[in-house]
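Pasting the structures here.
Below are two complexes that have chain A in common, paired first with chain B and then with chain C.
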Partner chain A sequence: MARTFLPLDAFVGSGSGYHLLPFRFLRFDGDRELLVNEVGEYLFAPAGTVAGVVGRKIQFGSPLYSSLKAKQFIYDSSSSPNLDLLATKYRTKHEFLDGGTKLHIFVVTLRCDHSCHYCQVSRQTANRNEYDMSIATADRSLDLMMDTPGTDITLELQGGEATLAFDLVQYIVDHAKRLACDRGKNLSVVLTTNLANIADEQLAYLKQESVKVSTSLDGPAFIHNANRPRPGNNSHELAVQNIERCRQTLGTEQVAALMTTTQLSLAHPKEIIDEYVARSFHSIFLRPISPYGFAVRTRRRTGYEMNAFLKFYKTGLDHILEINRQGYHLVEVYTKILLTKILTPYGTGFVDLQSPAGAGWNVLVYNYDGDVYISDESRMLAEMNDFTFRLGNVHQHSRRDLFGGDAFLEAQQTSCNQSLPGCSDCAFQTYCGSDPIFNHATQGDSFGFRPTSAFCHRNMSVLKHLFRMIAENDPDTMRIFWSWLTDRSVSDLGTELPA
Partner chain B sequence: MSSSEASLTLSLDSRQFSREAALKAAYWFTKDLYLDFPPSATEHLFEVVLRAKCPTPTLDNPAPKTVDELASEYRNALIDSELRIQVQRETSGVRELLLAKAFAEAGVLESSPPGSFSDPVLAVGESNRTSDLVVIGGLIEHNLDTPK
Partner chain C sequence: MKLTTAGVGIGFEKQIVGIVTTNPLQPVQRLNRILVSDLLPEDLSGYRGALTTGDIGHRHLTTPAVHRAREIDHLRSEDIIVMEPTSGFVRSLYRPAEMHNSIFVTERCNSNCIMCSQPPKDRDDTEELTERNLELIQLVNPIPEYLTITGGEPTLLGDKLFEMLAALRDRMPNTAIHILTNGRRFAWSDFTRQFAAIGHPRLSLGVPLYSDVATDHDYVVQAKDAFDQTIMGLHNLARWGQRVEIRVVLHAQAVSRLPELAEFIYRNLTFAEHIALMGLEYIGYTPRNIDLLWVDPYDYQDQLVDAVRILRQRSMNVSIYNHQLCVLRPDLWRYAKKSISDWKNIYLDECTDCGARNECGGFFKWATKVHSAHIHPIEVPSC
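So, the complex of A and B:
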């Protein structure tokens, strides 16, 4: 049966004026502006566009008018504000808020056999059992973890070196699985370990319980061993050898590695990345050092200015893209996180780049002594006698106490970049986050001061760098980016890419 | 505009630039400048006094920007700041409604918002009838004609 459509003028609007929808912008370079709407959709436009938009100077029916309307920067009589669509997009972008805290980190012991210069953890020598979590503390922490409203939760067991308290690891995993079954939770378990002492029976247990392994690999031996001293100076040898053992026992996908960039690393981005390729990893996270713990005390040896890290990151990203062009799938994790926010409707579960801040909302840390913190970084501050972000203790406080107490509420006041000075107007707000703990640690208050903030400098610089690449629209680069976003090889993508 | 070696005073017309825009733009310059907003005795005019924090070269900053250079950058930033405020002013009602809808439909509000999601959303200048008030989630209780 033939269908009848309304006449054309019912769809094209009358040209009698348009209205604005919420957006932010920045002068991208001399002749372009970057406009970003409330849900992270962006538009490059000629300089002066925003003034034209606000002054109602954009010509009805022009390509620019159509782009502004299609991307929901403006609406007119033929297009309602389409709030339902925008609301759906907004909710999708903020899906990480659903279900409460997802990542629960248990510090099972402070004991460690390494003495890493940058360690966030207040390590203790390996034979001091008073720094292990007690069974009573583990039980109470698990109860609190299970009280989280969502169904999908991740239990991360870390130290110190968690394998030094493996009997406790086993107790917590076994108990957590029973509780998760009773409470209807989907539980994932991750063991963070340097792998130096992992035993066959420990690996067998991890396989039996489907526990994933997260370890450290800072690069080739001369960097890794310098960053991560241990008796015998063989941290790298043990790490690469035991990564292979883990893969053989647990499966390749069950083993992940993280690197930390120290002063020594800065001159060697390519060597570090090549080491990840040589060890058959398909992702690498170019991470700056955190301003906490031993990294503060060893700042002269390990620290650097953010500009030096940004140079390292950009050189590294170029090298990673070149490796991808040669046919090896290698993802830079931070870039992928940001590209997900820029190029797709989705947000990410990455807690360091969320608003409201992931600390507390999406991660809680249960220390060996029962104290609860909103992040691992805030626990490290406490080890430096700064208890600003300590929520309470598992033996004294309920979940309601922890989340209703002054420490949590005060952190929340500064956890939304939508309301922070400098962030509230920023075009990159949707892609970025807030980090009250970083602000507190580096600038003395949790609001932070954006003009001198290393957090802001890093993210503004990286985002501008990525947007430049997006604007250049090099087909090879964009195909690589989309291969990262879709977890497919470049060859599987074909030639058509999303607009 | 008047200036001495390390300070400079801008006179701004409040019909062109709001004090809010001047303050917001100032935020990013407080790294390099001290900024004062003295009381104004003249209608429609207000002053911004810019004083350099580091007017002389140091080892850390061998070529500091002059107050004149910073003032030029500030004036450009002021234009952007004023535009941002205009966009926010025009879209704040829609933005609040958008957030209310996003979170209400996700079921995370403690109580159901009054009104209906099919309530009309009025744009600036479309109507001033009280029957067109938009009341969603208790967040918007004014006609969108009225600047907040």
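So, the complex of A and C:
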């Protein structure tokens, strides 16, 4: 081997400039630009950087040049563009597409004991025939579900209030398990319930079948009961009591709660969050109300402008971070989803913020009457007589019909933010998603119009907020974020990390 | 610690690999054994070989022997040695008393790192060394917990490497094997596929990476396209389910972008099981290139802290090798490992009164010449 060594210059290639790889950018603030590439790698850089990059003005060997190259914004003749690496990272980000529809929602009944203001579809009736799923519909829906190509599938049973038709729940779970076994699927089952009427034998069944429970908790009693009226006005009391019963029978990990933000909630982010801590939850999802169903009709009572929600979210997130700083592990779910997209090589399985949109690709809803929708929201639209996103009916259509029909194609042509006006050149495209149903419901067509879109406004604002925090790089905040992203306790991480 | 000696070989033309015995054995026990003694008995029948400081040139031997050896005191019974015919060279290959043993597979390399601790030689030694190592694998006893395969660049062995791994798999399936390789050859999928097909149950690879920027890495390893090949190789290994460790030697060419490298590893090599951040060794090519390489570890603590924090935040396993606790920031101590093999490990005069000496990995023995200017005893408060 030669014992002489070549200088750095020998490895810089022909020096004939550099080439661009796909990226998008944003003027972040007066001083900084934010560049984001196709696989979610980002770079804060001084204002004027993008013009410099495009004008081939970035000096070879400068720290900025090195970072642009290492993060795959540019490539030069000193090495290959490493497209295989880029492809692997792209695949990793889009792993959610693998295996097709994963979440299969069965609406087993529309009957419910609650009359929530924001609910879309529930009915108060004792007539079981009118609004319960028939055995024939359940069987046919299960067959379609099992035709899904992937092996990991989730069956979510909801209503109305699903426990009011618990015999049907049992029938579906038993059959789903048998079919899953025959078809080689890994099946998980979730029951969405308000828990108000859950009986001991029902809990025993859920335990026996390892069914997870997802329930509603909107905050402390004065908010929860106002949002979720039921006879006796005791929804909160029952929810809290029965969450505890569920945990004792099923195990703490098996029980999750979701909150919906109403106009009343907006003034009380801290009280709502503290309620989750008081009930020993370790995650909370600060969720805006959906513009569907009764929520539209009752807009004056429950609705609000997106700006009001964003203020609620930011105040809430600050409070959640403070709680974490004090050593209690509490994740804000939406923040975690976005941070996963920004800070890690992975994507998420969160169906409401994906491109292609989760609706249809990753979720199907089988309604009590056999109609199939691409999402729960499109089912709610149908309750308002808008059947745009109904794929068909389990008794009339095959899997091929459902996925080849006009309704599905209509949704698919607007399901990729890569090709939507206002999204195609947005710096946040890789972190965001598209929501044809939301666009259709709020703006009259599934393409939507970004400048006035609440979906766009929310995600742009939240993403900018998070990027501001990432840029500040406060050690405490980042420690908390990473504890969320790696499922570790924030206190363990605190003693371990070098300062 | 001596690992070599030499004398005059007689009665053999091919290298002899055998297990040392310093006491004469009964004939039935002599299989595979090399008798090592200042005075050899008359009857050497059944021994694989003999090694002595004495002169036995007058005797008519049927047993291969090296006589008039410079010294033999460093050899212990159960050591495995090789005797080379023409040179009379005797090399210790395996010492059961050691925790860390390596199989040295070739001196050749396709890189030429500016800080290489074992500079490569351009001579095809693979035939001879493979034959030797295959024999060694059969003789090793007791079976060790771990073994390192090192060179040179082991992948240059091609099929011979596969043959050796298959032998290790069959003879000692429970031994953890760690291969030190630059990973470049794995950029060729077919090679990686064949490598993985051996199906060794406890195999991992340690692969060095010196920068997140191709040019800088290629310069350090003195090979154009090495960065691309190594990254591609690592991905192929991951694709075929192989376990990899990333090794970073900290020197002037690597430390300035160390935090960026940590982030790069997380983003691009997320599958890495372990990241070793290693101090520079003053041996091999390093003295020659010291002006390009030297940075006092005291002066890169900020970058090291950042890199470790970035990796640990992201739940990656990271260790710091070849650093002294008195130079490391205290919040890095928990990541410092005592990584230097016993025979290369020393402490300096400054260490005599150090309260943390037992916890400290100390120095490579060649560090007496060049080391941090900030070595000092640490006072541990008594309770």
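Definition applied: the second predicted complex is superposed on the first by the 472 of 499 C-alpha atoms of A that agree within 3 Å, B and C clash if a C-alpha of one lies under 4 Å from a C-alpha of the other, contacts with A are read in each partner's own complex, and residues count from 1 in each chain.
Here is the rule we go by: a residue touches a chain if its C-beta (ideal position, glycine included) is under 8 Å from a C-beta of that chain, and two chains touch if they have at least 3 such contacts.
Being a predicted model, the structure only gives us computed values, none of them experimental.
Participant: For A:R27, is the partner it touches chain B (first), chain C (second), both, or none of the two (neither)?
Facilitator: First partner only, chain B.
Participant: In the overlaid three-chain picture, which partner chain does A:W482 touch, first (chain B) or second (chain C), both, or neither?
Facilitator: The second partner, chain C, only.
Participant: Can A:D84 be said to touch chain B (first), chain C (second), both, or neither?
Facilitator: In the superposed model, A:D84 contacts both chain B and chain C.
Participant: Give one of first, second, both or neither to describe whether A:P345 is in contact with chain B, with chain C, with both, or with none.
Facilitator: The answer is second: A:P345 touches chain C but not chain B.
Participant: Contact-wise, after the overlay, does A:L110 reach chain B, chain C, both or neither (first, second, both, neither)?
Facilitator: In the superposed model, A:L110 contacts neither chain B nor chain C.
Participant: For A:L155, using the defined touch cut-off, is the partner it touches chain B, chain C, both, or neither? Pick first, second, both or neither.
Facilitator: In the superposition, A:L155 contacts neither chain B nor chain C.
Participant: Which partner, chain B or chain C, is in contact with more residues of chain A?
Facilitator: In the superposed model, C touches more residues of chain A.
Participant: Which chain A residues lie in the overlap of the chain B contact set and the chain C contact set?
Facilitator: Overlap of chain B and chain C footprints on chain A: residues 80, 84, 88.
Participant: Quick one: which bits of chain A touch chain C in the complex? Just the residue numbers, please.
Facilitator: Checking each residue of chain A against chain C gives 1-3, 5-8, 10-13, 41, 61, 63, 66-67, 69-71, 78-80, 82, 84-85, 88-89, 344-345, 478-479, 482, 485-486, 488, 493, 496-499.
Participant: Which chain C residues qualify as touching chain A in the complex?
Facilitator: For chain C paired with chain A, touching residues are 109, 112, 114, 119-122, 212-216, 218-219, 222, 224-225, 227-228, 231-232, 235, 257, 260, 264, 266-268, 270, 285, 288-289, 305, 308-309, 312-315, 329, 331-332, 334.
Participant: Spell out the residues on chain B that touch chain A in their complex, using ranges where they run on.
Facilitator: Interface residues on chain B, with respect to chain A: 24, 27-31, 76, 79-81, 83-84, 86-88, 90-92, 94-95, 97-99, 101-103, 105-106, 108, 117, 121, 123-124.
Participant: Under the definition above, what is the set of chain A residues touching chain B in their complex?
Facilitator: 19-27, 38, 50-51, 54, 75, 80-81, 83-84, 86-88, 90-91, 94, 97-98, 421-422, 425, 450-452
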